[in-house]
């Protein structure tokens, strides 16, 4: 099973709806497939310049270590020097706060990752999870 | 006037529809706003690894010189050394073939650019133009 | 089906044997999985400094466009400006001469790519093909 | 004396055997020669996307300062700002935790470095040391 564009577009639509309904600040949302390629992305109106880059680096952090960024955040704060080194080694960098969520299928296989950035990290993550659930897939925020 | 996410999503939807109706190969479509930030992107199922990068570098080439890549292609071939230097100087590179299209408003003001890659360059451009027209904006392929 | 390390090591062993038997110059051999991640690599004694980078960029060129570098070479020479732009857009660059070979399974599905560099391009390719065949997979040099 | 491919392949074989016998998580193993060129590498099945990059950046950290990453970790934590600067200055970055091990000959001359990533840092280092010892060389983890 692979991540289809249909699924990716559902994730984005529902994550946007979630953010609008909850009155979040403008979100950047990036979905990477298992190769780390950008499968789909949106930037809400009013987003600051680097929002896409931050959202992508959250999703990349998920794939880099096969875990959601909520768990990666603990590693990054416990062993800051390791995190800094890893971020220096991975193209495009790594952002280690909540809002990067692995996309798994029902069997637990990783299909890709979503990165959301723009509001609080917890809210970013909630938007990603809402989207993944709506696509009938399993969200793993770490 | 700025490029709204609504307009970007219309461009992508119609460009995808255009490609499907004409039986194009899988497309990568990237829309950049006037700052060069990724406003929206999609990668059709079956796309090769670098399709997003190529599409983005077509759109980037438009913004780099305020002209569509059809015109930039002439510059790139006439003065290859200049193009090589420019591509080496711009983050993410520049792809100088048709399929990069400036998005202008009715007054000619540049709002952003679309890059499409996956089929022939002419077909890539046609998908981008269809999308921009559908959004009520003006396509400038160069 | 995915590219296993066992298969990758068979490819490398047989490609090295091929080169030694035919008295090739020292080879760099890099195998990328479908994500573009380095699955396995070797550098024969006496290799010049950038041999790994060149071999990897041959394999990357295969995955970038889903075709072996023998076919990509024709595109690169026919439309040099396109190739230069693509190489500027893809992380790690692209080397467009024979010696980059797609690894397919029996059904034609792409599993990864091999890049070989060190001797003539034709010889580089022959070593890659020998390795892929020995692993029971299908070589697609383009 | 230089690091031969034979020695590098022994290191990798024994490091892999060590990890399998001890039931480690999938490992990425990268060996750099004294120039920093990738001499040999493997990625075990099931490795996450950036495992090669992390392993290489451990080996690179060894060569960057002629010391194993166990010692470099102390520097990185004692003078974090120095480490951050160094990681930003070195192509491919630096990962400053155990698992990067210098390869020395019997006279102490540095021949290259091994980086291992995938399990705990201590286990990663143990696999590297086992491999270097098996090749009749001297492991310097720092």
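Just so it is clear, A, B, C and D label the chains in written order, and each chain counts residues from 1 on its own.
Convention: contacts are C-beta pairs under 8 Å (C-beta built on N, C-alpha and C of every residue); 3 or more make two chains touch, one makes a residue touch a chain.
In this text, all values refer to a predicted model and were calculated from it rather than measured experimentally.
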Identity of the chain that, by mean CA position, is farthest from chain D: B
Homomeric contact chain A-chain B: same or different residue positions, threshold half: same
Rotational angle, Cα trace of chain A fitted to chain D, multiple of 5°: 95
Geometric centre distance via CA averages, chain C-chain B, whole Å: 30
For chain A paired with chain B, centre-to-centre distance based on mean C-alpha positions, whole Å: 25
Centre-of-Cα separation between chain D and chain B, whole angstrom: 42
Interface hub residues of chain D, defined as touching at least two other chains: 49-50
Graph class of chain-chain contacts, one of line, ring, star, complete, other: other
Which pairs of chains touch, using the document's own definition: A-B, A-C, A-D, B-C, C-D
Residues of chain C touching chain D in the complex: 2, 4-5, 8-9, 33, 35, 37-45, 47, 49-52
Chain A-touching residues of chain D, taken from the complex the two chains share: 48-50, 53-54, 56-57, 61, 73, 76-77, 80, 83-84, 87-88, 90, 92-97
Chain A partner contacts - residues on chain C that touch it in the complex: 34-36, 91
Touch list for chain A against partner chain D, complex: 34-36, 60, 63-66, 79-82, 84-91
